[in-house]
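Below you'll find a set of structures to go through.
Next come two complexes built around chain A: one with chain B, the other with chain C.
Up next is the complex of A and B:
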């Protein structure tokens, strides 16, 4: 029975039936109203013009009634507009492009690894196998201190990296949006693993001489999904402060967190995490409505930390030699899958068209009442979104999501190519992916984008944007000099 | 990895790598020729000394940046050796890069140069000394060392594996770096693509020929590309100014034949060394000269051999000079045949197989400018020289003229040579 079903569903007939069903359900209101309006207008026309006039004159309104009804209407309208949440717009964003001196080809990474881990050939072998299958390319970047043999990650080197990345991104953003530092009302910086005192947000305030009454926040320890947490925080703060804008900086500072030991589970992040950062400007100002690139539609946050296994699956700890690193558990993919399911259960009703929701409801009822063996219906999110930005956490993450959401290769292309060109840049990877889509000229006005990020905790966060205006293919940005080479075919295993 | 050398004279040593800025095409290789493989156990070391202004105010990243552009034009220097199934070495151009070493010296540059005058071997601390091996796939062929002196001066040390090319190629590499720093575009193609060729040499072996005199079989060294000497080799370096040179040339010239500085100096030094070596005086010497062809990369020196049938010690220097002048038979082809016989697996040395004289007068070593600053002094030497020793003739400082001579000999001979030269020829 299951084999027959796929053959049947790919037949042309069923395709048209499905299309018809979707059209019907999604526009049900239109389909109901049109016949009613038609009937009413036919009836009125049947009556004839004199009869219409007599009916009109017989209905006489008291002045009090008219005033009361208008006040009621105005009152309801005011309450509605006042309680509507402010629209949040993304004016523009800028991604950091590392200089060529930070480039790390595979061969250099392996050679340094061999020299640094002289006494642990098995660990070196493990790293090589990870790198071969990682989906990274030969142009990813590591900060200057990590290029040393052995790396000597001092606080000063970490601050240097933070300065280079954050200030470059902000400078680029300011140039694009023509905003002045004193116009920034809210500042949020998120960097998971480097949290000096004074904070990175204080560093930004100091460098750009931001106002003394700025609302600044610094989020640390929140993992790769912290970028969307920052967006959520900015949205909430912008509800309280009218006519304001928020500068968000998402980055991950690699220098102090490069694992220098030889435990295999903790060497994995070294192979995947790379230098990167992004600066984003959000605004709730009326004036920015026309020039903003995107409008924020929803942010959905799911936290699975209540489950012990999920809590411990990305865990920073010391290895037996006392070297600190991040331990990734073997259940990571399973937990990610569960977190994703949780998240899309909440998102589904918000974004899916009525047709998909109905189908999902029917299959759910069917499974509960009739036959639990029915395959759960996976709603077709491709109908809700034109573009997908899946956090480039690793090849496995993208594969898993592609499978779970039944996405085509083109939908996950932005994620895979970002992983190839920039590696896993943690919270900023979503912005590199968005930039890829723009650079390829695929973003059109009205397109809906779904950004999904996973992070330690275990968290799965989503943000949904709508493209607000026509976007010209950018001539600057991190993809500018290499977009023509993409997409590339990424082999399963790269021969080193 | 040591963080200081020579009892703290050189300290604060940091290692990293620099590579090409652009990604190379996949499967690009560089296949060294037979002549190149015959030179694989030798390493060229060059030191360029710059005054304070050249590197003032530059951070390490500023210094590294031009190398990333330079290396786009030299993909072979960034690759690593592999062996084919038959064992022949080739370079896989995989962007691995060049090793970059930073160090500091506790002396000022003037103090250092004074020390080096007494003991030229100190210069080995200013160049990286890593050989290729024991793991070919993880050994860089080119290494750079930037040593900052107490006065702010900087020395740029280069270690260049001779298998990549001769001194002329190495100088070209450094001169191109100078051009990149000056924002000039190097007129070399980027990433010379050379797809891997299947081993084409199915030549029927010629009749078994004897190895030419200019080379000596050693080893087998396996994957450790250095020859083992029976004694420690030391370097002696001295300069000869124009007056001394012309005086010498006139002293030697006879019957109206004029000898070039190279011939004159070589003859003189040959005789001095013969005197030092007494019974085992070198009757055969190898001569390396710049070839007439204008090929840029690779090992293109003319290698010839001269043999004296008479005792050197009593000979007239002008006879020796004449003998050197007459040396014209190019042994390169013979060397290539010997090298190719077992497909590049055998190990040879050229420098030091016999007492070797290399004419590097025309090496453009003073053309490497850094931010419009010329080097204060340049010294070249060769590591991995065999026991018979080698003498290199280098150009002197452009403003002074003259020549620089570097003699790499067993350590007991060095002192004797110095006194011998002082005594006989009034050179210091």
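Up next is the complex of A and C:
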């Protein structure tokens, strides 16, 4: 007993020391200015009012001097405001909710796997083991053509899926934001694995009869982090075009990419990828400042493609039978960890409070100069952000990030529950997670959100948002009918 | 001639997930029927102009909703430690096949035979590992020039014809109005009501012996190919038949009259000596046992009718024999059988349809109220109890037109081909001149004899 108490009391003392240190460093400017201002005011008050008047009269104000100084001030102010990047706001977003008929319970998935891969029991076993540990639930959805035995992925079916997912999401978004199609200035569609001609963005322009001078972009092949790449692109384009808005559609079309062979490394995506899509409206208009939900603070992109191993770790190729699939290498988690470290190193200085940055700097200097054996200091990102949206790439990704960033279960709850309810919906999963946080009523004005996504290449992209206004718990959206059931406990292994 | 072309085969999932760990055990009557399976085909006309595949999609959505109430169908067969079949409700779904056919449904119905009709159903024999084998198969065939056929195949382990019809009706209700009028009930067969035991009650030995014999018999020999014809007897014809059998009309039911008629004629056609051919009747015991209409499971019981010493043409005696057996199959008798089956705990599988001529009473099956679209009653409903390996089958079914009190009936007869020919030319049949709804191949459509 006595041994326990000192430990507890020391840890409490340590906590207060840490808090005091953080408060001091983060508000250092305030702590410095207050004494100075106090001293100056006391000095001024010591002088009598006549003395103040004398000092005032002794200062000569030449007209030229006054004009020059004011021009200088105005000039500097103009240069400052002109070169400040435009604020980008996220007016609203909408996620696609797949029809409940498209859901795929574990038993159906395994049965189809056995029926389609009759001659490869080892591959079927492998899929079962993956599914058991995947963290998915019984309500994730696959498109109707994949429910067929054998799956029937025609191009027409793929286009159908694209139309249903993208148009539903856009219709929902237009209803929420009350925007008209002709008001959309920029359109960006990202879908990694399905890229028909004409492009999906042309399909959207055609369906909604968008303006002929619209700036449309179609990003394909960029993996699960393409959603944040689209946001970054939209931000850059919105810098050039004042008073505009941008519609971004992030989705992944499953129909044409369901691997039909039996190579184990290539069967993994079949177990995890599911139907989903999101539409986002960004704007740089002054008028949207009040009604926008979020403000975009930073986007940080890290590309590790220069390293051969990183480049090849998510690789689309043909298997020995000629069937095309995506090969995930065994080093995926290690490479993801390194990409994350790289990304964090860039983000840290942008978002971390001064206290954390100083600590990190001290430990870095210490490791370099004094003792390389010191543990590297992992900055506490929980101080920089209230909410975390980690791409629901798989249970392993979420576990790894939770460990690396020392996040609590509640921080990663949105990611885990999105993986359970919707599976890995690729680039749109970040939006389902954000919607979960809103649906749970946890989003408050001023909250900072970190969206982090990994993708083939190997890329690690982050976006940082700040909640712009009070957000009412949404009554529509993909979580509407099931939010009360969540969070659920997801067992390590689900026995099939 | 590939008239029916397959579009795709898929698995339909219920809209509501099933809670894990649920099991639906099978009753003693269910387990007897393992070797048998059913095919049922419902034919409908088109009521509105639709794009190809549109109605199939609507049906698919409705079936997904309907399956939420039938977790036993989306589950899979699983053997308990005692070696009995049970259904593990693992939410795996039901197979659905979509197909297209040339021509219109009316034209199809005009020159139909058993083989053609069976193109409208999809069936897969039980897998070696039945845990991945769907117990129910639905096939929806859209006719290019109008009309649709819905074929249901299922293992007899889970459902008998009235139960399968209830399933289709639930599907129809869901498509038409979005909810089921008779939701299904899953519970074991009722036990004997306590306090109602008559201490002098003799167990129904004949019924138990019949089942005992069926279980112990060796596998039947699959010899001649059988064909199926469908005859329609209208109200007046059936009444005449009844009058022929008994002077007082109300003492004989249409089933008894028609069963007796066909018993006599088939015996003649088979050339049985020393009495009528071996025949068993199969009756629906739901009313007798007081079961609700929504009861899901097997509840049809077979029993032998004694034809020894009855000469051909002695319709009266035949009908009497049948009536006697029907009367004896009361609640107590069936309870005796169920209790005996539970006690015996056999492992061998009988061929319930594999030996005698079987005469099945499907009069009360409510097939014509399965309405998927407004004002579109089924044009026809066909039943097949497979495999057809015994002496033959006679199914007595309700008529297509609405009225419930009419005595008209539709009779499906399955016999070897040469016997069918002789049957159609038989004087007794000719006397009642039924309409041929489905004749032998090459025969002209809808002729009266």
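Please note the rule applied: the second predicted complex is superposed on the first by the 486 of 496 C-alpha atoms of A that agree within 3 Å, B and C clash if a C-alpha of one lies under 4 Å from a C-alpha of the other, contacts with A are read in each partner's own complex, and residues count from 1 in each chain.
As a working rule, a residue touches a chain if its C-beta (ideal position, glycine included) is under 8 Å from a C-beta of that chain, and two chains touch if they have at least 3 such contacts.
Since we're looking at a predicted model, the values are computed, not measured.
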| item | value |
| --- | --- |
| Side-by-side fit of chain B and chain C on chain A, or clash | clash |
| Touching partner for A:78 - first (chain B), second (chain C), both, neither | neither |
| Partner chain in contact with A:100 - chain B first, chain C second, else both or neither | both |
| Chain B versus chain C as contact partner of A:111, first or second or both or neither | both |
| Which of chain B and chain C A:148 touches, first, second, both or neither | both |
| Set of chain A residues, in rising order, touched by both chain B and chain C | 100-101, 103, 105, 107-108, 110-112, 114-115, 138-139, 144, 147-149 |
| Complex contact set, residues of chain A against chain B | 99-101, 103, 105-108, 110-112, 114-115, 137-139, 144, 147-150 |
| Contact set on chain C toward chain A in their complex | 8-13, 15, 17-18, 60-61, 64, 76, 90-93, 95, 132 |
| Partner chain A, residues of chain B touching it in the complex | 1, 14-19, 21, 23, 60-61, 64-65, 68-69, 80, 94-97, 135, 138 |
| Touching residues (chain side chain A, partner chain C) in the complex | 100-101, 103-105, 107-108, 110-112, 114-115, 138-139, 144, 147-149, 152 |
